[in-house]
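Here chain A shows up in two complexes: once beside chain B, once beside chain C.
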Partner chain A sequence: MTGKTRILMSLIYAAFVVYVFVPLSMMVVMGFKDSKFIGFPIKSWTLDWYGRVFQDTEVMSVFGYSVLIAIGSTLVSLLIGTWIAVLLAGRKFFGRALIFSLTILPAVVPGIISAIAFRIYARLLGIEPGMMAVIWAHAVHNVPFVVLVIVARLSTMPTNYIEAARDLGADPLVAFTRVTLPYLRPAMIGAGIFCLLLSFDDFVRSYFLGGYQPTLPVLIFSKLRSGMSPEINAISTIVIVLTAVLGVWAERSMRRMNGASR
Partner chain B sequence: MSQNPDTLVQLQGVSKRFGSVVALDDLDIDIKAGEFVTFLGPSGCGKSTTLRILGGFEKPDTGRVILDGEDVTRLPPNKRKVNMVFQDYALFPHMSVAQNIDFGLELKGMSVSQIEARRQEVMSFLELDEFGSRYPDQLSGGQRQRVALARALAPDPALLLLDEPLGALDAKLRSQVQQELKAIQRRTNTTFFFVTHDQDEALTMSDRIVVMNGGKVEQDGTPEDLYLRPASRFVAEFIGETNLLNGHCLGMEGDEVVIDWLGTPVRARAGGLQPIKGSKVTCSLRLEKLGCVPSRSGSEMGIPAHIANKVFMGSRTAVTVSVDAAPEVLLRAYVDAEMAIGSVGDAVQIDWDSANLALLRQ
Partner chain C sequence: MITDVQNQQKQSSVSSLASESGNAGQGPGDRIPFWGRVSGRRGYQALVDFLFASERRQFALLAGIPFIWVLTQHLGPVLQMLYVSFLDAYPVAVGAQTHLTLKHYLLFFEESVYRMPFLRTMTYSFALTFATLVIVYPVAYFLARHVKRQNQLAFLLLLLIPFWVGEIVRTFAIMILLGNNGAVNLLLKSLGFIDRPIPFMYTGFSVSFGVIYLTSLYMLLPLYSALEKIPASYSEAASDLGAGAWTRFRRVTLPLSYEGVASGCTLVFLMSTGFYAAPVLLGGPSTTVFAETIAGFFHVAGDRWPTGAAFACILFLASLTITALFMKFMGRLSSRGRR
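Now for the complex of A and B:
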């Protein structure tokens, strides 16, 4: 690469970073502005909006509710996703490709379509809109990500680990729990965090299946209808920080699993 | 089924095919308790399949596997008193050395104190004492190899399978570990079933070598037998370097066969073979058993030849000679590096002891 193109590439990258982060930083900055009106100039700063968020029992309880849904749906996704991955990673069998495609499908179906489909199906099954329905919809949406990560991890596991375990006296179940599962652990942690974030962030499915109890994104949306307030900026900033921390941690643990296996 | 009390393992008529490839063709082998047996052969010869059948990782298509008087043909690996040292060791990466060794002991249902005692015993035996809390990725290749051996030996198996366990080590370490392995086998008195494609490993460590080719046994004997008295052309060429002498059978004399080689009658050890008079035969003569001296005028000793090539190799000199009776026939010999053998084109006399010329199965 010549010097000129290198400079050009750097400039394009810098422009991209500005493009992505300026709106986000605007939003963060406005959360500290001591005025109800969003915009420049900023005459004085305050932490009041954050204080209000933490005193707002509705926001706090909805936050807890969202976390609960995220954890619940993640556990379900991990269980089902690991199960399917182990099934798919085994020997080839008839219909393997079909099962794989069907498993991946929920990840690529547009959210609005799958949300409506879930709503109709839930009614047919007699599932009331609410927590269980949201957990169910989030889990189905997240399973493909778990499967992809676990299948990738399994494909790097030497088959002779299992043979060594069997050779030393382990039956297939013991070999799985004592050798395969620990090997999958970093992948499961990474996939789990990714699922937590996906669920916490989801709006469409939560909106359609949540009934009267909103999740955090749904609450923010409904608050917006009564006008933009810096309180929303404060909530959003907290969410950005939390998800960024979790996301970076997940990314690191995923990267670590490609290196050392412990 | 009569059985020698010393016999630990019997393979009876074992065959295995993978698709259209015959991996093992009606194999019959007995292994004595305490033996160090090596299965030697090129890749695809069936040695690894034999090992995997003994370990329980493959089921033979036909035939039976008897271990310690018990038919284990259909038994899964976890139900067999057989442990294995895997080619790349297959140490569990998430467990420390101690945990790796404990794995098999725990599954044997031993108590915590028994496990502790046995682990210490095995670890001090293999000089691993200070590595108990290390993880496999913190160990060198040689250390990992010892841990794999410790893990497989800890449950006190009746038969230990070793699947080319030295392949991952560098050449210098390998020869050292060869000696160690042999010493360990002698001290534990465990039966070792060793699989390799490396003839040096096989020759230095084994009590007995089974040379495999195409799913069949080529020869089964001591390292000395195989090297000095190869039974077939395959064995002669696979193990060590050799000269092949082609001729016609003139007849038998006791347990020797007389061969017309380039018009000269020579004697070879028949080794139980009885070729038909007039048939084509091939004999093997090891390079170091072919004598080669400078010709002196009037000497009637040996067969006249000329030096075609000469390579100094340090401890010895490799000489290629062209036989005068048929200049296209080239034989190779090792001679003492300090012997004044002459230079390329000089006349020499070659000869050998008839006991070292081994008739090969066609």
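Now for the complex of A and C:
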């Protein structure tokens, strides 16, 4: 490869990084502007918007509500996702390809269709719109991501681990809890954080399945529809910081696992 | 990690031996682990003997919950949506009879009010998928081929962090960027290109910009993993045989990355057809997409749910058909390249 194309390619990469970061940094900057009016130029700076966010009991309760939903749905997704992954990574059986495609299905259904389908099905199941409905929808939607991560991890596990445990007298249940589960731990942490983020940031399912109490993205959406305010910037900035911290944590957990398996 | 598991295996072997010889927990200072104590109990032994008696019973235990979950929770909602789309009324009133009907589907073909948003969604999704591919391919190529392997993760992580931030927050960021007092207009003004701000917002441009911003990661990851797999020696071999940079790319690298192109485009296309919040916030009356049309049926009382369900089915079916055709086309393209 010639030096010229190399320079051109790195410029394209740099431009893409700028493209990805500029909108978010603009938003963060606006959260510190000392004026109700979003836009340039910025004459003076303030931390007032953050103070307001932390005093706003509505925002705080919505935040707690979203965290509860994220944790609840993540626990369900992890349990079911790991279970399905262990089944799919095990020995072959009739219909495995079909079960695998059905497992992936919720991840590929376009957002609005997924939300509508869940809304209709919730009524069939008798779940009223509200916290339980949102937890359920998020849990189902996030299962495929857990399965993909766990199946990838299981494929790197030598089968003789289990055989050794069985030879030493462990029954299948003990072999699973004492050998497979510890081996899966980093993958489960990574998948779990991923689910937390997906649930916490999800809008379309929370919007169509939520009751009167909004989740954080739904609250931001309705605030945006009634007009922009730097308070939304402050809320969004807090969300970005939380997301980045959790995301880097998940990435480190997954990377450590990839490094260890080599 | 490996030594960890081995330790645990050692422990579990010790504990099961201990429980078999019947003197569990009697060694001085020798704590028997939890599972060792449990597996020593007679009731547990009986339960395990019963549960794992045969291969078939073991499989049933393992597969039961996943089968039920996948069928009722993953497939169920889609099937129920399909069923409701054929009902004349839903939810069913007490004591009323329901009839199967095709009228909700016919409504779509009769009213041009609904056809326009549908066609717009399809053309937008198609064009935006292509635009995302063109924008992201060089980035993925640079990451996979020009960055040192040990730095690749860091370079990728830099791009991943912003994409973990949710749809709404990122859409809001685009609103600020493109607004009349946003950074783009400010930059153009200070450079002297314009006197008055360009109204980017609430147009097809702002929606497109926003959707590409939301989807590019889903293009980047499949492309990167496909390109990363291609050995550098292939290009070197082509170069030894006299191929120039462009020929090497067109005849070697590009065909080998078709798999990534296919899965990236499929993902991005399916996502683009389903966006709701981004078009609502970034678009105007002239950019109504089909997702907004569908959502409209669910804001009012339940009696229009079947229409909404039918429209959602139409959208799903159309996007799946286009995706399948595209996959077939890509398959043919790559098999021709191999010959």
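Following the convention adopted for this analysis, the second predicted complex is superposed on the first by the 260 of 262 C-alpha atoms of A that agree within 3 Å, B and C clash if a C-alpha of one lies under 4 Å from a C-alpha of the other, contacts with A are read in each partner's own complex, and residues count from 1 in each chain.
Criterion: contacts are C-beta pairs under 8 Å (C-beta built on N, C-alpha and C of every residue); 3 or more make two chains touch, one makes a residue touch a chain.
Everything quoted here is computed from the prediction, not taken from an experiment.
J.: Considering only touches as defined above, state whether A:E163 meets chain B (first), chain C (second), both or neither.
T.: first
J.: According to the stated criteria, A:F118 is in contact with first (chain B), second (chain C), both, or neither; which is it?
T.: After superposition on chain A, A:F118 lies in contact with chain C alone.
J.: Could you tell me if A:P182 is touching chain B, chain C, both of them or neither one (first, second, both, neither)?
T.: It touches chain B and chain C both.
J.: Of the two partner chains, chain B (first) and chain C (second), which one does A:V174 touch, if any: first, second, both, or neither?
T.: A:V174 contacts both chain B and chain C.
J.: Between chain B and chain C, which one contacts more residues of chain A in the superposed model?
T.: Touching more of chain A: C.
J.: Going by the contact definition given at the top, which residues of chain A touch chain B in one complex and chain C in the other?
T.: Residues common to the chain A contacts of chain C and of chain B are 161, 164-165, 168-171, 174, 178-179, 182-183, 260-261, listed in rising order.
J.: Give the list of chain B residues in touch with chain A in this complex.
T.: Those in contact with chain A are residues 55-57, 76-78, 82-84, 86-88, 90-95, 103-104, 107-108, 135, 137, 151-152, 155.
J.: Which residues of chain A touch chain B once you look at their complex with the stated criterion?
T.: Touch list, chain A to chain B: 158, 160-161, 163-171, 174, 178-179, 182-183, 185, 260-262.
J.: Could you pull out which chain C residues touch chain A in their complex?
T.: 1-2, 4-5, 8-9, 11-13, 16-17, 20, 35, 39, 48, 51-52, 58-59, 62-63, 65-67, 69-71, 73-78, 80-81, 84, 90-91, 135-136, 138-139, 141-143, 145-146, 153, 155, 157-170, 172-177, 179-183, 186, 213, 216, 235, 245, 267, 270-271, 273-277, 280-281, 291, 294-295, 298, 305, 308-309, 312, 315-316, 319
J.: Okay, in this complex, where on chain A does chain C touch?
T.: 1-2, 5-6, 9-10, 12-13, 16-17, 19-24, 26-27, 30, 37-41, 80, 83-84, 86-87, 90, 93, 99, 102-103, 105-106, 108-121, 123-124, 140, 143, 161, 164-165, 168-174, 177-179, 182-183, 186, 197, 200-204, 207-208, 217, 220-221, 224-225, 228, 232-233, 236, 239-240, 243-244, 246-248, 251, 255, 257, 260-261
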